[in-house]
Every structure is written in C-alpha cells, then in structure tokens.
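Same chain, two partners: chain A is paired with chain B first, then with chain C.
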Partner chain A sequence: MASTSISKAEKSYIQAGFLSSPPLRADGRALHDFRSVALETGVAPLANGSARLSIGANAHDGGGGTEVLAATKLEVENVEEDGCDGGRIVCTVTCSPAAYPQLSSNALDDLQYDMTVILHQTLSHPSLHPNNLGILPKKKSWLLNLDIVVLADAGNIYDAIFMAARAALWDTKVPKTRSVEYKVRKGNSGGVVGGKTGSSGDMDVDEETTSGFDTRQIQQATDFELTDYWDEGEVLDGRERWPISITLNLPPPTHFLDATLPEESAVPLKALLVYSFPPSESPNVQAMRILGSGELTVVLLKDLVKEGEKYARELFIALNSKLKEEDIRRNQKARERFARR
Partner chain B sequence: MDLDNEELLEEGGSRLTFPGETLTSSQAYMRGHGTYVDNEEVIASVAGTIERVNKLVTVRAIRTRYNPEVGDLVVGRITEVVQPRRWKVDANSRQDAVLMLSSVNLPGGVQRRKLESDELQMRNFFEEGDLLVAEVQAFFSDGAMSLHTRSLKYGKLRNGQLVAVPPILVRRLKSHFLTLPCGVDLILGLNGYIWVSKHVKESEQEGEEGFDAEAVYSNQNDDIDESTRTAISRVTNIIRVLSSHFIPMSDMLLLEAYEWTVDQEGNAKDLLQEDFGEALIASINTR
Partner chain C sequence: MGSRVEILNEGGFRSDGRRQFELRDMTIDLSQRGIADGSALITHGLTQVLVSVFGPREAKMRSQTIHDRANINVEVSVAAFSTGERRKRSRGDKRILEIASTIKSTFEPVVQTNLYPRSQIDVFVQVLQQDGGVLQACINGTTLALINSGIPMLDFVCAVTGGVHSTSPMLDLTLLEENDIPNVTVAMMPKTGKIALVTMETRLHVDRFKEIFRLVSDAGKVIHGEMKSAVLSRSTSLVTAMGSGPRTRGGDLEERDVDDQMNNY
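Moving on, here comes the complex of A and B:
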C-alpha cells in the first residue's frame, strides 16, 4: 500500500527520525501518538446504522485526513435459499478513485478486495455473531450488509475502517418483528390468526388430533410483520464485542502507531492486530495480519501482541465514550429539543 | 452592478468575483477562462479575481492547480524517466512538467557535452520519487512546462521534508530561498510545494569553498541533530496551520509564527490541535 513514491532522501530522513533518541516524527508526534480522530454517527438517514470517521483531518477546514464512511443495511433473507439460520453479516469495502488517484482501476479493485477480505473475515466470525439477527427459525433471517467507502487515505486506513465499522454496527438498530402463524381453528374451519379471517368452510381440513406422544417442536410461524413501535428497533446484540484494530508500523527495533502516507512508504512492514474487548472477559485477538514486505520473528510478534493490546484498549475506551456521547446527542438531546418546541 | 464601467475592469486591477456573477456584456467583451456567456452576458464560473487584457475578460480561480509562468521557481517530484533524454516531473500543474537532460547540470560542474553514457545513467541523476527545485524555462506547444536546473542553487533536495499548500498562498517574493534563524532553510515553490530542510552553512553554499559539487546528486542525508529536526517539524506544522486558514506565506509571517510558538513553550505536535492553531492565527493577526 506504499502508494506515494518518495525519494531516498525523504525515506532516510523519516527512518533516521525513528532511530534517534528521543524518536522524532515528521509532524512532531511521539511514536505512539494518534492524530486527532473525528467521528459522527447517524450520517446516512436511510441506513440502519452509519458513521463517518476521519483521522488527522485539519481541525480548521476539515481537509487532508483519512476519511471513511460506514453504513449498515438490513435485508430479509430466506434461510432455504441463500441465507443461514440466525442471520449473517456481509462486509464490503469500496475505495473512491479520488482517494487513490495514482492507482489504475485494476489496482484499485485489488486494494479494495484486500480490505474487504480482512474486514469480512474478522467481523463475520461466529464468536462475534449477534443473536438477534434471526426472524423466524429455519425460515427467515436478517442479512446485515456493512458497506464501507474510503473517501480519502492519508495513512492508517485499516484502523479507520475498523473504527468506522464498529461505530456503524454500534449504531445499528434491528427492527422489531412479530411472527404470524396460520392455525387451524378448533371447530372445522381453516383460518388465519393475526391476518385476515374468513373464507371459512371452503376447504376440507382434516380434524387435527394432537397426539400425546408427539414431542416434536414444529415451528408453525410462517411469516412475520413489523411491530408498530416508536423507536427504529433494538440495538444489535453484543455490540460491546465488535473489535477494533491497531496497526503497528515496524521500523526494525521499535514500532509506531498511526502512520502518515510518507511514513507508510518509508516503513513498509506493518502488523495489523484486531482486538475485541467483551465486557467482564479477557480481551481476544480476533485477527492478525502482517502487511508489506519484510519478516517478523515469533518472539517479536508475541511482544507486539501484548503491546498492541495496551494501545487498542486505550483506543477502545476513547471510542466507546465517544459512541455513548453520540447516542446521547442523537436520542436524549434530540428528544429534549423536540419537546421544547 | 454596472460592469460595463471601465474602472471595474481596469487593466492590472483585481477585483474578486464569485460563480454566477454577471461581469459584463458579451457584445463589448470576449469571454476568457473562468467565464461563460448566457443571455449576451459574460458570467463568472469560478470564484477568483477578474483580469482583463484589452477586450478579453478572464477570471483567475482562487482554488486551482498551479499556472506556470516562465522564470517561476518550482519544487517538483520526478514521476517518470522517459526516453529520449528527459524526465517527467509532477509540479502540481495540470500536466507533468518536462526536465530535459540537456537542461540539468551534470557532475563535474563545468559545462560539458552530454554524452551517450549520460543518457544511459539518467537514473543516477534523478530517479522516480526524487524531489528537485527548478525554474520554469519555457512551454511546449501543448502547454506543458519545461524546467531547467542550470544553476548551482537548483537541483536535488535532501535533509528535510515536503509540505504542500494551495499554490495561490505562495506569492512572488524577492527570493524564494528563505533562511530562518532557527537553523531551517525553506524553499517556497510557486507551485505550492514547500521544502523545509536543515540550514546549509554560508561557507558550504554554492560558489563557496566548502561547496561539495559531488554531492549535488547525492541521496544521503547529512547528520541532523535533534533541535534542527524539531525546528523542521515545527515550521512544517506552522505552514499547515497557515494554509488551513488560507493565509499567504511570507518570511516575516513564518518567523513571527515561529517565535510565538517557541514563546508558548508548546511542542511541535501541539500545533496539530485546533485551539493552539487558532491561538497562533489570532496572535499573528493582532501584530
């Protein structure tokens, strides 16, 4: 992904900065400093959940940072056809050509395929699967589409993608459903409960006799309806679990976080570590990738996983408090403002 | 407003306009770049300054790519080595600039003929990604600019980092090679690319005794101490703040801003924070 070519002199200037003591980066940050991250949820009104995230955008005019848009959309799926019981998650990453003007369209396709694979494999893992994506057992379920658009890349794109994905999933509301059953009415006439009744006596329905030995649980629900509810639905189950990633860029003896584009091209080797912090449990490593050219020893990697967890936890806490703040801004405060009118 | 009024379209004068503003009648004037004709009126299509040459009315856009003029000093990056005998250079213009092998100084310093062997080792002089400072020499028929580095002041850049700003923020100055007292040299390219680097000592500048002619095409950086590195970062961040507030660069301004940040005892990275940047701009505006 080292896309911008930089000269050998620039490269060695950046590399020498990491090795000097104390280490100095081109923009004056310390090795483990992040640029400022800005996040807003609920940016796409037609999506079930959405977020817009930027890293290192200029504070005054909002330009020149990494910018990512994430949105989720729920779709009803038949389990028999192509869904799976209990719902599934499909993630897609699209890169705007304006974010990578130097890439050909084939290279852009490759890049967004790589990003899609990493995001999809991590988020659709069974250990993270939310329980409330099913509608009717063995019949219907929700398909959760998570779409990410990379609008601008100024470095550290994977961390931005995972943070935006977490924010959009946190923001996602699943509509409440109620199942509708067809029942044979006692007393010879077929009808529908919960739907239209009538058309009685048109059909010959066998008298149903329930056997005392029949212990099978036969699901009778065949369809569902959306309940009329004031809210958009309930939040995704287990939304605390959604992981965040941390990219450790590795100039040989040290590592640093949140690289800018010139830094990425000067230091090609990086380790992408994805952590999930379930409440009241120990953190899990959900994914691990070594990106770029170069190699790592297992011993070094062990240390990195440990270090990475520390940074990820800080990032996780900060992101969570921002997400809660956004929830309050969009629900509580909006309601108050509405009441005052 | 009555723009047929000669004063408003005075030659050499500049007045700001915005998209959709009627400038003049299309019967009296010709439309140039940045304008269109509707209902026999010349209307601006971009925000910028109105310029008039005889009967031709143009609008020079504020946010635009670099419009080269002969004699301008630019900082560029090599994108391609192409045969025969030329490099393509990204200089933030609409088209890549061209640097001919015949318009660079070759090692050895003295004027000499370009040999076939030079042609075969062009990548030893400049290769893809290399940054250089050059002057606009001429234009090709398609509007692409041709650069030259035939002065010891021009050539490959090292010992520092690049920062890009909108080209309009770099105005023509007496000299585009600035030296700040904090041990930092600046090259303000008129194309909006600014090179911030370690100061070269007087005695080692071109033409002096200590000038190392062999190092002109070197890729090796000198040793840069910590304070210089910090100063380079600080100057870079100041330039970023000024550009986000759309303030044109000048040596006085950069110096004042630098002194202010040192007085505040902030680190270079503090400039990335919004409030610190705002305070910097406020302090500059009051002076």
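Moving on, here comes the complex of A and C:
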C-alpha cells in the first residue's frame, strides 16, 4: 500500500494515541468508527452494473477521500475456447496514477496486480459462483468482467474496493436469452428458426408432423437469441452472497478500523478479512490476508476473526439498506416521475 | 437499408436529435478529488473525462528535467467499461500514447513553463465514458484542471470537433458520426483566436476544410464561455468559504469591537 511519508515523531504520536485511554485519533473518531461512506449505483450506463463508492469524502462537494469506481460487463464466450460451462468471473483492478502520484509506473503496476489478485481470487471462488451465467450448456456462457478503477486513495482502499465490487455485482443485470434450434425444412434448402417450446413453421400438408407427445427427440440447441433487446435482464444470482472486507489495523495489542493515510503509515501491520453473509446460513470467511510487516499470534488472529465478523455484519447491513435505497431511487422513483410527466 | 441511421435528415436533425451546429450538453465539475492540486470532471453529452493535475513539483525522473522550463508529463488511461464493447487498453497502447503526446504538445506553448525550471507538471487523464470527441474532452478537461490547480497559462484552450456530411458541416460529433464522416479536431485560444491544435485522421476535401475550420474555431468561443462561467462560480464559492470562516487575527477595528462585546456576554 502506498503511504505518505511521515516523521518518526508523528508516527510515535499516532501510535501513542491508539494506546492511550481513551484512544485518540486525529479526526476524533472512535477506534471502530468508519468515515462516512457515499455510494451511487448505475454510474456507467454502458455497463451491465456499476457503482461509485467513496469513503471520507466532504459532504458538500464530494471531494477528497478514497474514491473507487466499479463496473461489470458481460461478454459471450464459447465454452470450448476460453469459457467455462456455467460462466466465469474475472476481476481487474486499475489504479489511476492520480491516486498514487508518488509511485513510478512500475510500482503502480505491482500495486494494481496485488489488488487484482486478492479481489479475483476471492470473488471467482466457486462458493460465490452465480448460477445464471450459463447460456447454452457446454456451448456458450457469459464471461463477467468486473473492472475496478481506483481514482483516489485516502486510506482503507481494500474495504472500498470490496464494497464497490459488491455494489456493482448487486446492480448487475444479465440479459435473458432463449436457446434456438435450427430445423431444416424437409425437401427444401434453408432453415426455419424455432423456439425451444416448439417450431412455428408453416403448416404443410405433405410435411411430417412431429407429435408434441413425442419425448424421444433431444433438443440440439445450437444458438441463442435475446428475448428482448431493450430489457436489461434479470438480476445476477447470488447477490446476497457477495462478500465485504474489513481491514483491521493492528497496533498491538489493540486494533482499529478505517485508517487514514498517516495512520496507515504509522501502523503498517493489517489483517484483511473478507466475510460473506449468505441468508439463512452461518457467515463464512471468504479470504484472509496479513498485509505489512509484523507478527501475529494464532490466538490473536482467532480473536480478530471473531471481532471482525461483528464489524463486517454492521457494515453489511448498512450497505444492503443503501443498495435497496438505490434500487428504489433508480427504478421506482424514475417510473413515478415518468408517469407524472 | 431501412435500419441505417441517418447522419442528418431532411428536417435538419442529427441522429441524437441535435441541429447541425448544436453542441452537446456540457457539464463541468471542479471540486477537489483526492490529493490532486487541481482536477476537473467534464462531460460532453455522453463522453466523460476526469483530469487530475499535480505540480509543479520535483520531477520523479531526473533525466526528464529541463534546465529552464517545467516538463509537462501527460498520462492517459481509458477505463475498460468506457465503450459499448469492453476493451482493456494497456497503458502503452499506441492510440493512447498518441492522445497523450497530442495533449502535451498542445499545452506546451500555452502553460508558462518558464516560471518553473527543473520541475514537473503531471497531468493524469482518465476517460470514464466514450461517445466521440474524446480528444476534445481531454483537452478541455486539461485546461480546466490546470486552471483549477493555479498553474499560470497564457489563455484557455478550447477544443471542438467538426465534420462534414456531404456538403453540410456539423459540430461536436458523437461516435456514430465520427466513424462515418470526415472530421477534424481544433483547439483554439479564445482571447487571441490563435490555434493550438488541428488534427484530422480522415480525408476531407480542401474546399470544405476552410468552412469547417472557421466554424470550429467559432464554436471554441462558445465552449470558452461555459468554461469561464464554471471557473468563476468555483472561485466565488471558494472566496465565500474563505470569507465566512472565523477571523483569528487582524481584521477591522469594528470587528474586534464586536468580538469584545460578544465576550462580555
């Protein structure tokens, strides 16, 4: 993580603040308080789902703070070539040089790669795989590309990335497809396109009629079409499962959340824990990383995982209610405005 | 035949409902982003570009410093989701490097670099959405970000695209129009009317060029009006914010009296 350079005196001042009682932080927050998080979905109209998230931005002009843009795009691919039967997800993180102006472009590439690996390994895991990414079994499937752009980093970038990813995936709509079978008309050249539910060709007295009760025929769907060109589609499956992360910064023996840049420089050791809260099941830890230099005992780690789950659950509930609000704002309210026009 | 979109129909309307010489809706957002010294988010219709400027500051690469001027370093990155078809463009993509070097050569004579020898001015351009006129948006965004960061320039640089559909000239082209008709991008400086950039990658008849060139230069003045009012409103809000804070030292004698009276209560 790129950090600002601070002096030893400032470092020890910040560390002493965490260990004092009551713990003191530069902006007056408690150890487990987050800065204000702003979220907007549907920011990239050309994408299938998108979200813009900022942590700690000023209220009146939206500037400053950590800012992340996430967008998903769906592409069709052949299962034989690159695809996976049932679809697959690929995540990429790009860091704008404006977010890390002190890094050279090689260092920026390394940072991007680290973030990409963490995000991709967590989100492309089979336990989170949505079940509506297939189109034609064993032939065609959807490739979901999740692109994250880091526009500004004012600390706590991983939490922002995972939250933005969850919001963009929540917002993603998969176009509805219908598989299509080509039937050659008996005796003539050319094909007749029929739907899966049965062919709709002209009634020809000489033609052999296929009985609807004949179940011996196996449908050989070879292609697909969009049911409705203008419909955005159905929601991506498994939206409740997408995880969020909690970064626990560790000035031993305590821990705190949502570090600003100077706090990150003063306390390099962090534990990144990614939790998923599927409905009606117990929560899962989807990923865990120790970042920065320092040591951690197993006992401490166990406690951190338990504590982290509590914080993650609060964040999850808050994020969910905001996502539902955004859904209402964009769909219901827009429809009402259109009806009143 | 019936499904082909008309660039300009008999009623004088273009494919997005605009008239021939009508420019797209423009929005400018000059609020601070991250730790940039100056930034601007500009949209022309559906094309959206974010430009952040850092500097003048110490150069990261000593080899690129110039002894008597500041070095302007432009980096462009295009978001993969900016177009209809997702295209991941690496930072070294030739097209992107060309846009970056075009922006650099446009601003080198305009920015007063001789005031900051041996330092570097970084311009980071992020294209968020593309619908034609990307270079135009990048140049306009860069002008605003440079102004926002307080770097002295000789004048604004305003860019517009123009094209000719058979014999009718058109301004501010969308992607559909750019792919179809010959088009030129012109960046001009409104105070003097001087041209900072002319670039064209298609073929245009020399008889048509004069007309479209003149038109585009005039359109630049309209863009200048918008940019000026955005900068003015941003400056006004900053000055108001500065003025409304508490005065800790100095100030008028009357004000001090008022403060003393307040303290009595």
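Following the convention adopted for this analysis, the second predicted complex is superposed on the first by the 302 of 341 C-alpha atoms of A that agree within 3 Å, B and C clash if a C-alpha of one lies under 4 Å from a C-alpha of the other, contacts with A are read in each partner's own complex, and residues count from 1 in each chain.
Following the convention adopted for this analysis, a residue touches a chain if its C-beta (ideal position, glycine included) is under 8 Å from a C-beta of that chain, and two chains touch if they have at least 3 such contacts.
Since the model is a prediction, treat every value here as computed from it, not as a measurement.
Colleague: Overlaying on chain A: chain B and chain C, fit or clash?
Modeller: Once chain A is superposed (C-alpha atoms), there is a clash between chain B and chain C.
Colleague: With both complexes superposed on chain A, which partner does A:104 reach: first (chain B), second (chain C), both or neither?
Modeller: A:104 sits against chain C, while chain B stays out of touch.
Colleague: Is A:7 contacted by the first partner chain B, the second partner chain C, both or neither?
Modeller: First partner only, chain B.
Colleague: Once the shared chain is lined up, is A:331 touching chain B (first), chain C (second), both, or neither of them?
Modeller: Once the two structures are laid over each other on A, A:331 reaches no partner at all.
Colleague: Which partner chains sit in contact with A:61 here, chain B, chain C, both or neither? Use first/second/both/neither.
Modeller: Once the two structures are laid over each other on A, A:61 reaches both partners.
Colleague: With the two complexes superposed on chain A, say which partner A:46 touches: chain B (first), chain C (second), both, or neither.
Modeller: Touch partner of A:46: chain C, not chain B.
Colleague: Touch check for A:71: first (chain B), second (chain C), both, or neither?
Modeller: The second partner, chain C, only.
Colleague: Touch test for A:29: chain B only (first), chain C only (second), both, or neither?
Modeller: After superposing on A, A:29 lies in contact with chain B but is clear of chain C.
Colleague: With both complexes overlaid on chain A, does A:227 touch chain B (first), chain C (second), both or neither?
Modeller: neither
Colleague: Would you please give the residues of chain A that touch chain B in one complex and also touch chain C in the other complex?
Modeller: Chain A residues touching both partners: 58, 61, 63-64.
Colleague: Where on chain A is chain C touching in the complex?
Modeller: 44-47, 50, 58, 61-65, 67, 69, 71-73, 75, 92, 94, 96-99, 101-102, 104-105, 145, 147, 149, 151-154
Colleague: If we count contacts the way the header does, which residues on chain A are in touch with chain B in the complex?
Modeller: Contact set of chain A toward chain B: 5-10, 12-14, 16-17, 20, 22, 24-30, 33, 35-36, 56, 58-61, 63-64, 262.
Colleague: Which stretch or stretches of chain B touch chain A in the complex?
Modeller: On the chain B side, the touching residues are 77, 128-131, 156-162, 219-221, 224, 226, 229-230, 233-234, 236-237, 240-241, 244-246, 267-269, 271-274, 277-278.
Colleague: Would you mind writing out the residues of chain C in touch with chain A in their complex?
Modeller: 31-36, 39, 46, 50, 52, 54, 60, 75, 77, 79-84, 86, 88, 91, 122, 124, 126, 128-129
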